[in-house]
Amino acid sequence: MHVRAFIGEMEQLAPPELAEDFDAGKIGLIVEGKSTVDTVCCALDATHSVVKRAIAAHADMLLVHHTPLWTPLTSLTGPTATLMRDVLASGLNIYVMHTNFDHAESGVNDALAELLSLTNTEPMTLGLVGDCPLSLKEIARRLDCPVRVWGKIKKLQRLAVVGGSGFDPEFMAEAKERGADAFLSAELKHSVYRAAPLPCIEATHYALEAPAMKRLAVQKGWRFIADPPVLHSVP
Amino acid sequence: MHVRAFIGEMEQLAPPELAEDFDAGKIGLIVEGKSTVDTVCCALDATHSVVKRAIAAHADMLLVHHTPLWTPLTSLTGPTATLMRDVLASGLNIYVMHTNFDHAESGVNDALAELLSLTNTEPMTLGLVGDCPLSLKEIARRLDCPVRVWGKIKKLQRLAVVGGSGFDPEFMAEAKERGADAFLSAELKHSVYRAAPLPCIEATHYALEAPAMKRLAVQKGWRFIADPPVLHSVP
Amino acid sequence: MHVRAFIGEMEQLAPPELAEDFDAGKIGLIVEGKSTVDTVCCALDATHSVVKRAIAAHADMLLVHHTPLWTPLTSLTGPTATLMRDVLASGLNIYVMHTNFDHAESGVNDALAELLSLTNTEPMTLGLVGDCPLSLKEIARRLDCPVRVWGKIKKLQRLAVVGGSGFDPEFMAEAKERGADAFLSAELKHSVYRAAPLPCIEATHYALEAPAMKRLAVQKGWRFIADPPVLHSVP
Amino acid sequence: MHVRAFIGEMEQLAPPELAEDFDAGKIGLIVEGKSTVDTVCCALDATHSVVKRAIAAHADMLLVHHTPLWTPLTSLTGPTATLMRDVLASGLNIYVMHTNFDHAESGVNDALAELLSLTNTEPMTLGLVGDCPLSLKEIARRLDCPVRVWGKIKKLQRLAVVGGSGFDPEFMAEAKERGADAFLSAELKHSVYRAAPLPCIEATHYALEAPAMKRLAVQKGWRFIADPPVLHSVP
Amino acid sequence: MHVRAFIGEMEQLAPPELAEDFDAGKIGLIVEGKSTVDTVCCALDATHSVVKRAIAAHADMLLVHHTPLWTPLTSLTGPTATLMRDVLASGLNIYVMHTNFDHAESGVNDALAELLSLTNTEPMTLGLVGDCPLSLKEIARRLDCPVRVWGKIKKLQRLAVVGGSGFDPEFMAEAKERGADAFLSAELKHSVYRAAPLPCIEATHYALEAPAMKRLAVQKGWRFIADPPVLHSVP
Amino acid sequence: MHVRAFIGEMEQLAPPELAEDFDAGKIGLIVEGKSTVDTVCCALDATHSVVKRAIAAHADMLLVHHTPLWTPLTSLTGPTATLMRDVLASGLNIYVMHTNFDHAESGVNDALAELLSLTNTEPMTLGLVGDCPLSLKEIARRLDCPVRVWGKIKKLQRLAVVGGSGFDPEFMAEAKERGADAFLSAELKHSVYRAAPLPCIEATHYALEAPAMKRLAVQKGWRFIADPPVLHSVP
């Protein structure tokens, strides 16, 4: 498949116009390699480990959620130079779907809802709320990461989920209004917790967003390359 | 003591000119109550629970690290109105020492170093590095919160600590250069972890900053009012 | 009446979307008190004198034109702390209608036109022009304040009026074009006078805006609380 | 005298570096005419009336406090074109001393203090305070304009004066601290009056600033061209 | 004809709303002279030489492409004062049509296409592309200026032309896409040349824009006043 | 030599702190390759042609005046991707000295003065003035590019030179004041020419800046890689 055709397909899946303004220039084909795409790999981040495994798998295309070129560059040095040397030398293309995939119909939050078996889901400004049949333990097991629970969860029937760093006071107020009993997301700040209108379940950013990439890989017959954070809780 | 005298004393302890620019107008006497200060309470945040206990203790002054009026107000409604009604009605003064206390000599990071028995300490741009004789388990026990360990800690001899939300790439590079084996702070972001030059130990914001307020209370003979987040890890 | 119902009624009268951008966050319910509104007082400004009289009158709601919280606050000290202590302690709500009331159909300028018996009125971008049957002396008498007349008024048949601080070169050019013989407003600047295309009648800000609040109070059966500036001319 | 020499002399009197930032490009020689300066006229504003009288007096130089080109121009039309046609055609130079003259040692406020016979004067950030032996009536007489008195003056021993539009809350607080009984300036706003810490005496901008220009003209042997606002109070 | 009627006619020709935002306040009647317009002259720039010739020709109106008051003025000194003295004294009006004329239907680029005998023209975002029957030598001859040719022109069938300073990477990419063999404009920067997707023919700004003014003068029966740069190439 | 040592040497030659603010992040080692530097090439721009020749010459380091990464990048596509693939694959380092080299003692303008045999040179804010013994023809010959002469040069004794794009009204005024008869630089704009206080000699950007890079190569024993624009004048 020509890389143009691949791009066209991806733009159907996660239309660029759904992206937030801050993603301008940071989504789509952000590293240009070979013009023919036969083998696609898929991951959350284009870490060096992921890139090496994609190259070893003879991939022509690596589809990721987070661009490796977030901060605008006027030099190529250090780890970025090393990473780009390997990427460019191998002819690997890198394609990014970020907030456009967050907002897409079968995107990040939809995959999360499926993973957590949410029913009666209702979309929010970002993320969604749904009935959750799982215990906290089972939620942590399915996300495959330890979770931190902030505040007391009296019952856990209706759960709000926002993939990524979604503990925003406005989203949390919306979740509360829509009857959520708890709010699941990542990267909770102290000041936000202090004013939180409902209990918070804090997973990792990776655990919440990788499932969508994995599901997409399965659907498309691509290889998903896992690279979760090395993390454990003490005690 | 007149409130002016109290202010003078605090300005010696944590000179306002040490504060970051973003703290302008948000430190010092931010709620004015009675002009005589006999009873002082001390806490990390002026939550409603803390304020009620301070009033019950007949305090004239509540000293906190985080202002309850962070976002500039053009209205007094909701929880802020309720909080301020109690504060103003009781004549309680609220005094804030924030980044000026972070940067002060016997401030937030110094208290943390003491709590964790760090030796051979060396100051960084923010926070410090020191030799740490404790196990991770003991660190978590002294901080009185579960910690999340990101990355593999091969040895833990020299530890960098930054109270509050201190996982900043520049501070972490500095810590690495100064020979730190791990970096202890709060609120680690996924993107920062991905590029982290050393393993990260993530405690809570509260656990890292409350010790300094508590130590100050002990030194001054004030009452410290604890209000830690309600938090547990699953599994 | 529940405070929500009162707000709904006021938003009909002076729709928030009519307000200028600079009023964002500064109109509507800006101090939240009791949730039931039985007794309403009305004034131009929420001065301490006005607030005390409203409390003495057992008001639950004080409706004003000018918010007492114009400058965004990160502290409550001095006169603002004293004022808010009384307001919050008494459970008095404060509701503000500012530029939305200026622009409303039966708002500030309409009341002024009525007070000055203007006929054949025609709306301007702000304020209005109309035929004025009154002498300058009678205008001053009805406004209940000494006026300063800048420039020579040859005849005074058609008068432009803009409540508040309305001596704006653009409004004055518009008034001139619409055939006004003089322009009545408050707070004339020297540089504006120097380029004024028509004579200016300068009343006080209070004298031009209080009538609308008073008229509204009469219409609604509320108590109007007067608090004019203490002012006299010498000689 | 060459115009360069004249400029040198004026820069001694009111050094350009004393001017506020907003005066950048708006002081000094702002219209360039003949290179020889024999006859100088002096006024507060370069109104058309003033300019015509200066030309009739065969002036080569008109020294003013307020520039006629305040708003940056990209066109010369209307009254500005008419004014500039006369100025340029006659070869009249226009030289402006604005905030540099306000801040100069024998400048605007100093002339005002002299006019009002103030003694024991003390400089403020802007303007000055001094003992005032005059009644309000006599103050108005010497300023040659009706004044508006806001608030109740209990005694009038120590008076703060700021030439021009000086009713600034910070200056007024400073005046209060320095023991002033009243504050004399021009262009008082309603909101400033509401929070004023001391009574205000409001004269015209012209009445407060023209004396300095007149005194300078007398000292230098130039002709002062008066052009006061046409103003009267009703009643 | 009244100047208003003349303006109306010009606004039909080059509607002000076609102008770029940076032209705000810099097009239209930018110097106001006599109100009756009998004799019109036309030029590219209102240089002093042009103005003197227009006055000598008893013109009431000078129509130009480039305003002589580009940089906003707060003073009239040096060459601008000298120029404006002559303009204002003579009562000459100056009217500017800039980017509105660039974008107008029979404007700058259209005149250029005619001069260079372009056929099958197609509009671009700015400028146009067309079939060019001329040799480079003939192009230079008709433009009446030496041209600099950057890069190798293999064939010159289809030519992109943008009057004025039009070597913009975006316009050049558009020209390339539309099949242009070369790009004709003025003021080519080194960095733009380095990334140029097609060969560049660099004429002078004057040579590219004066033809439109000349053609307009011919159409209207006005006098065109030429004032080309004094320019020659070495060797 | 280790790349660190090479950098140290270059920083002596052209201290980074001499650079303009707009060069922040765009000078120094902007592509990181091998850590050992044995063979150095030197050019004005890192064009693809230059890079290929440097690689063919087994260079470890390419020193240039203009960075190939001027516009901050969030993607590597098109010609930049192709260029960076070759650079990174070969391990070629790229080091940039830009405005720091313009301002350095033996930098861009000094080399130009030497090339044109200027004597009695005097530094300006940027560039310099000196006595020039050459004819225009000889100047063009030594610069190895056709020059455009704007305005009439009556005599050419004292010449101002500014390497690069230096036709700035302020620099030209300075040159005039210092007695220059003409001003040599590149990229003259029409509007600047119209107000130019002295005749302008316009060479190419390349012709003015390459000599300094070539001279440096000679001094250091490096290879200079020429890549002048392909340019000719018609007629």
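Residue numbering begins at 1 within each chain, and the chains themselves are lettered A, B, C, D, E and F in the order written.
Here, a contact is a pair of C-beta atoms (placed from the backbone, for glycine too) under 8 Å apart; a residue touches a chain by one contact, two chains touch by 3 or more.
Everything numeric here is computed off the predicted structure, so don't read it as measured data.
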Tell me, which chains sit next to both chain D and chain E? none
Quick one: compare the interface residues of chain E with those of chain F and tell me same or different, with half as the dividing line. same
Taking the mean of the C-alpha atoms as each chain's centre, how many Å separate chain B from chain E? 65
Let me have the rounded angstrom distance from the C-alpha centre of chain B over to the C-alpha centre of chain C, please. 46
Residue numbers in chain C touching 2 or more other chains? 70
Name the shape of the chain contact graph, picking from line, ring, star, complete and other. ring
Partner chain C, residues of chain D touching it in the complex: 45, 47, 66, 70, 79, 136-137, 139-141, 146-152, 165, 186-191, 193-195, 204-206, 229-235
Per the touch rule, the chain A residues reaching chain F in their complex are 25-26, 28-33, 67, 69-70, 72-78, 81, 84-85, 88-89
